[in-house]
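Each of the next two complexes has subunit A plus one more chain, namely subunit B in the first and subunit C in the second.
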Partner chain A sequence: MSLLARRLFGVVPTLLGVVVVTFVLTRLLPGDPAAFFANSPTADAATIAAIRQKLGLDLPLWQQFLLYLGALLRGDLGQSIVTGQPVAADLLRLLPASAELTLAAFAMAVLVAVPLGMAAALRRGSLPDHLCRLLGTAGVSLPTFVSGLLLIHLFYYRFGIAPEPIGRIDPFAIPPPAMTGFFLADTLLAGDLRGFAAAARQIVLPAVTMALFAIAPLARVTRASMLGVLGSDFIRAARANGLRRRKIVLSYALRNALLPIVTTLGMIFSGMLGANVLVERVFAWPGVGSYALDALVGLDYAPVQGFVLVMAGLFIGVNLLVDLACAAIDPRARLLSDA
Partner chain B sequence: MGSPLNLAAVAMLAVLLGCAAAGPWLVSHDPIATNTAMALRPPSAAHWFGTDQLGRDVFSRVVAAARLDLAIAFAAVSLSLVPGAVLGAAMGYFRGRLDAIGGRATDVLMAFPLFVLAMAMVAALGNSVSSVVCATAVINLPFYIRLARAEAAIRRDLGYIEAARAGGSSHARILRVFVLPNIMPALVVQASVNLGWAVLNTAGLSFIGLGVRAPAPEWGIMVAEGAQFVLSGRWWIAGFPGLALMLAVLCFNLLGDALRDVADPRARV
Partner chain C sequence: MSEALLSVRDLSVAFRTRGGTLRAVEGVSFGVVKGEILGIVGESGSGKSVTALALLGLLDAAAHVTSGRVVFGGQDLLLLGQAALNGLRGAELSIVFQNPRAALNPIRAVGAQIADVIARHDPGPAAAIRARMLDALRQMRIADPEHRAAALPHELSGGLCQRIGIAMALACSPRLLIADEPTTGLDVTTQAAVMDLLRDTVRRRGMGAVLITHDLALASAYCDRIVVMHAGQVVEDAPVASLFARPRHPYTAALLGGMPSRAESIDALVPVPGSPPDLRRADLPPCRFSERCGRRQPLCATPGLRLGEQAPGHRVACRLPL
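Up next is the complex of A and B:
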């Protein structure tokens, strides 16, 4: 396990760097937080000074950083001025909405892109191949906020089959009892099939919007990687030995082609965390992205800091998972055993 | 290189650059002059792309916006290409402590989801166009550093570099005359793909209200302004700038792919 431990340990300096960058960035934010907390721009200088002292804003920057780091270790991300709540609580409350959307989009992208890329590699010049290449170039050019609006125009306005893009559920409906925070899972757990259908109808368009931009690079990499593997000697040997096509494709070729696909999944996840902000904006989705945007507009620095940190933390975690998956797929990477 | 798709991309680039250079003189209407009597008209012969909520001609605005969007993208890409190339080449050539520190720094930058980092940077540096340029340059920097480092590291022990060293060239001269020109083709390919990202990034930032401000014609802002009218079926206000944005990004992506095929025929997929 020593290499795995080393990999885990290697995350520490990166995390520390991320915390430093976030700290520096948000200290540069315009606007004096103390003036905000004093709740009036005309508050007298003594009040503002008192609040600055209370918030630790009068200390030298390095002391502020240490205080911040200490608070961070206790799970304290500061207080939001806009909502008046602790940022950590706000983020925890809103994270399931974003996570549900991201995971739904991620699942959609993988389910479409990997089979499409495989089909394209298996039958070069066929319809799936052309589709894959078209998607690969056009898909990455599609800004998520434009494709989202296009889908709204078509499916809400033109065909009238999608609900109004105003969040996770109909504003007059009662949210399901919170168990997981995922409306799709919660409604099912409560046995509320109509609620499930309603939640699903709301999530389809934003999830498709996000999936659209993820499908392109994934299908492209799958196709290229499968093509490389399918041309190698061991596939020819397997074919010459009369193995079944299904076995060759799924357990010989796909398994060997998986490494670049998994690495791309990690990159796509990063893109999705960024796209979240835009997609949530288009569909009025009440997730962490919308929260951070509202805070940004209100010059409320603690939520922005918290949001950036959580996103970076998630991304670092995903990259670790990707590394572990790569080790599991390719034993030569020897991440798990110390050979 | 001569495939019809690539030719189309080159033609598209010419149109884009033409719009950016001469846009304001090409169009029939002033892109920021409002005329509320003519607000929200669908596309017609007088207004090819219709008019927006303030009666401004969408076609004129879409054409005029090319200048700002392309200027930001080109500025951001050159701002990340040049320092990235020099820093990365030095890291790959000297190795040692510089490489270790630089590598750490790029790791930290790449640990952020890029758009989120750009958002935080624009918010921190002040809501202006120059902040968008800076933020876009910084989020692309790690890619150039890594690429330049890898390319320089391959070459540092090759014969011609060793010969230059034996001939008494200084490190600075070796980097400038022998390393950098040789790693440039790979970096230029990366830059042309990056131009597409930079346009997307800029438009995305202004869509959420960061960077470029109204009433300046810019594709991202125009889409944001038109977004509320999509619900009532007035698609043209957001639709045409969105289309222009998509075509611009597509154009840069196609050119990047074509250049990659020329620079490295083995990587063709």
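Up next is the complex of A and C:
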């Protein structure tokens, strides 16, 4: 596992860079949080100065940074001005909602795009092949929030088959007992099938919205990668040796085609983390994206910093996973066994 | 009279290309008997590989077999269904490709790849399959087979990869082996070692083999009979001794004239003057060599050219043979 150790070690400078950048960025944002925090347009200069002092905003920037770093190391992400709660607690509370949405969208994208791309590569000129190309042109040109609003318009407003886009469950329903924080899993664990169906109905549209922009590139990469591998000498040799089609496609071709697919998966997942912010806003999804957006509008530094840090951590984690997956797929690197 | 193993009659293959129909192989006929090594020789683009792929049903989608019969084991391979043909491939007739490393799955241990082929055609307990796989490696004189079997293609030399490829092709004891330029890219010593091994195995097992090469010297050293191809046509088909003693086709004569002496290094063909016609032309002459030929007569433009026997076992497709 030397690769894992090396990669984990390599993450440290990246994280430090992220911390610096988020710190500087939030300080560059317009507006004076102390004035905002005073929460009254008539607050006098003395009150504001007192608040500035209390928030440490009167200290030189480098001192503010060191204080910030020290707090971070203690797991203290600061206090949200808007909710009045510790940011770490807020994020932990809201993260499952975002994670459930992102994972659902990711699973949807993978389950549609990878088989579609494979089918397109195996039968050129067939229906899946045309679909692949159509998606490639249509899917990229539509921004996430437009497709989200479009879906709401069609399926909620026009056809009335989707529920109102007001979050994870009906506001009057009781959320399931929290075990995983994922409503889909929690309702099932509680044996609440009706609750599961309700949660599933709520998540479908936002998940589809997020999956839509990911399906096109993923299907395209899968198709291209499979085509490249299927045309190579060793596939012809495998056919010449009479190996069965199933074996050739799934074991010989797909495994070789997987490297670019996995890399794209990592990029798509990272992209979804970003798309979260808008999709959550459009569907009133109570996740970290909505939270961060509210904080940003409210000039609330700490939640924004916390959000960016969590996202950066996730980006780095995803990249790490992609690297490990590639090493596991491609034994040529011999990264996981001998050094 | 030895037993016919493979008989190819009047095989033609065309490709649909953007520039029109490309008639890559035209009316090709030849046969292989048990224990025989047949060489197919010709310049690059003469249709050797296309012929081999057509026999095994491995041509890509743009290709069409427009005529012919390929009789192997009493069946016409061209009429056989995909499943039946797939059952024969690797079991009854095998092919070894040029560029040995590219013909192996880059991310699967070579031993496992051989085991895949054995398991496909002779399913059995894993231990038995592994024993057969190791045996196949040993027969190719691969030292330390247990260790080698765990290697990935990129960890092995080109010569070793080709021996692995041959071991794979021979693992299920096929009756016919087609080797398409099996030694290109290998150095001369390795080339000789691989070819010796190939010849010895074919002789020992009483198989038949087709050796495709553009190296006339290599063909003369290892083959019993040679088929010379030019621009998709067979121009001459003769026992090695007879062909070298007296080539009857002007193209063969030109090839032999340009061949380096035996003592010199074995190398590719020295080009024959002129170039073969564009195979996409609609007005290809009956003899596709005629436009390069110094002996051309009006007679050469009349249709109906076929291989005629000039001496025992020595056939040539020429109106005015030498």
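Note that in this section the second predicted complex is superposed on the first by the 317 of 339 C-alpha atoms of A that agree within 3 Å, B and C clash if a C-alpha of one lies under 4 Å from a C-alpha of the other, contacts with A are read in each partner's own complex, and residues count from 1 in each chain.
Rule of thumb we're sticking to: contacts are C-beta pairs under 8 Å (C-beta built on N, C-alpha and C of every residue); 3 or more make two chains touch, one makes a residue touch a chain.
Quick caveat, the model's predicted, so the values are computed rather than measured.
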State whether subunit B and subunit C clash or fit side by side on subunit A once the two structures are superposed.
fit
With subunit A as the corner point, what is the angle to subunit B and subunit C based on their C-alpha centres after superposing, as a multiple of 10 degrees?
80
In the superposed arrangement, does A:I203 touch subunit B (first), subunit C (second), both or neither?
neither
On the A-aligned overlay, A:I316 touches which partner chain: subunit B = first, subunit C = second, or both, or neither?
first
Report for A:V308: first if it touches subunit B alone, second if subunit C alone, otherwise both or neither.
first
First, second, both or neither for A:S232, with subunit B first and subunit C second:
second
Is A:L28 touching anything from subunit B or subunit C once the two structures are fitted on A? First, second, both or neither.
first
Using the superposition on chain A described above, determine whether A:A257 touches subunit B (first), subunit C (second), both, or neither.
neither
Between subunit B and subunit C, the one with more contact residues on subunit A is chain B
Figure out whether A:V18 sits in contact with subunit B (first) or subunit C (second), or with both, or with neither.
first
After superposing the two complexes, find the smallest distance in angstrom between C-alpha atoms of subunit B and C-alpha atoms of subunit C.
16
Listed in rising order, subunit A residues that touch subunit C in their complex are 124, 232-234, 236-244, 247, 252, 255-256, 329-332
Within the complex, which stretch of subunit B touches subunit A?
104-105, 107-109, 111-117, 119-121, 123-126, 196, 200, 203-204, 207-210, 220, 223-224, 226-227, 230-233, 235, 238-239, 242-243, 245-247, 249-250, 253-254, 257, 269
Using the touch definition from the top, list the residues of subunit A that touch subunit B in their complex.
13-15, 17-18, 21-22, 25-26, 28-30, 137-138, 140-146, 149-150, 152-153, 156-158, 164-165, 220, 223-224, 227, 270-271, 273-275, 277-278, 281-282, 292-293, 296-297, 304, 307-308, 311-312, 315-316, 319
Report the residues of subunit C in contact with subunit A in the complex, numbered from low to high.
56, 58, 61, 86-91, 94-95, 97, 99, 102-108, 116-117, 120-121, 152, 154, 165, 168-169
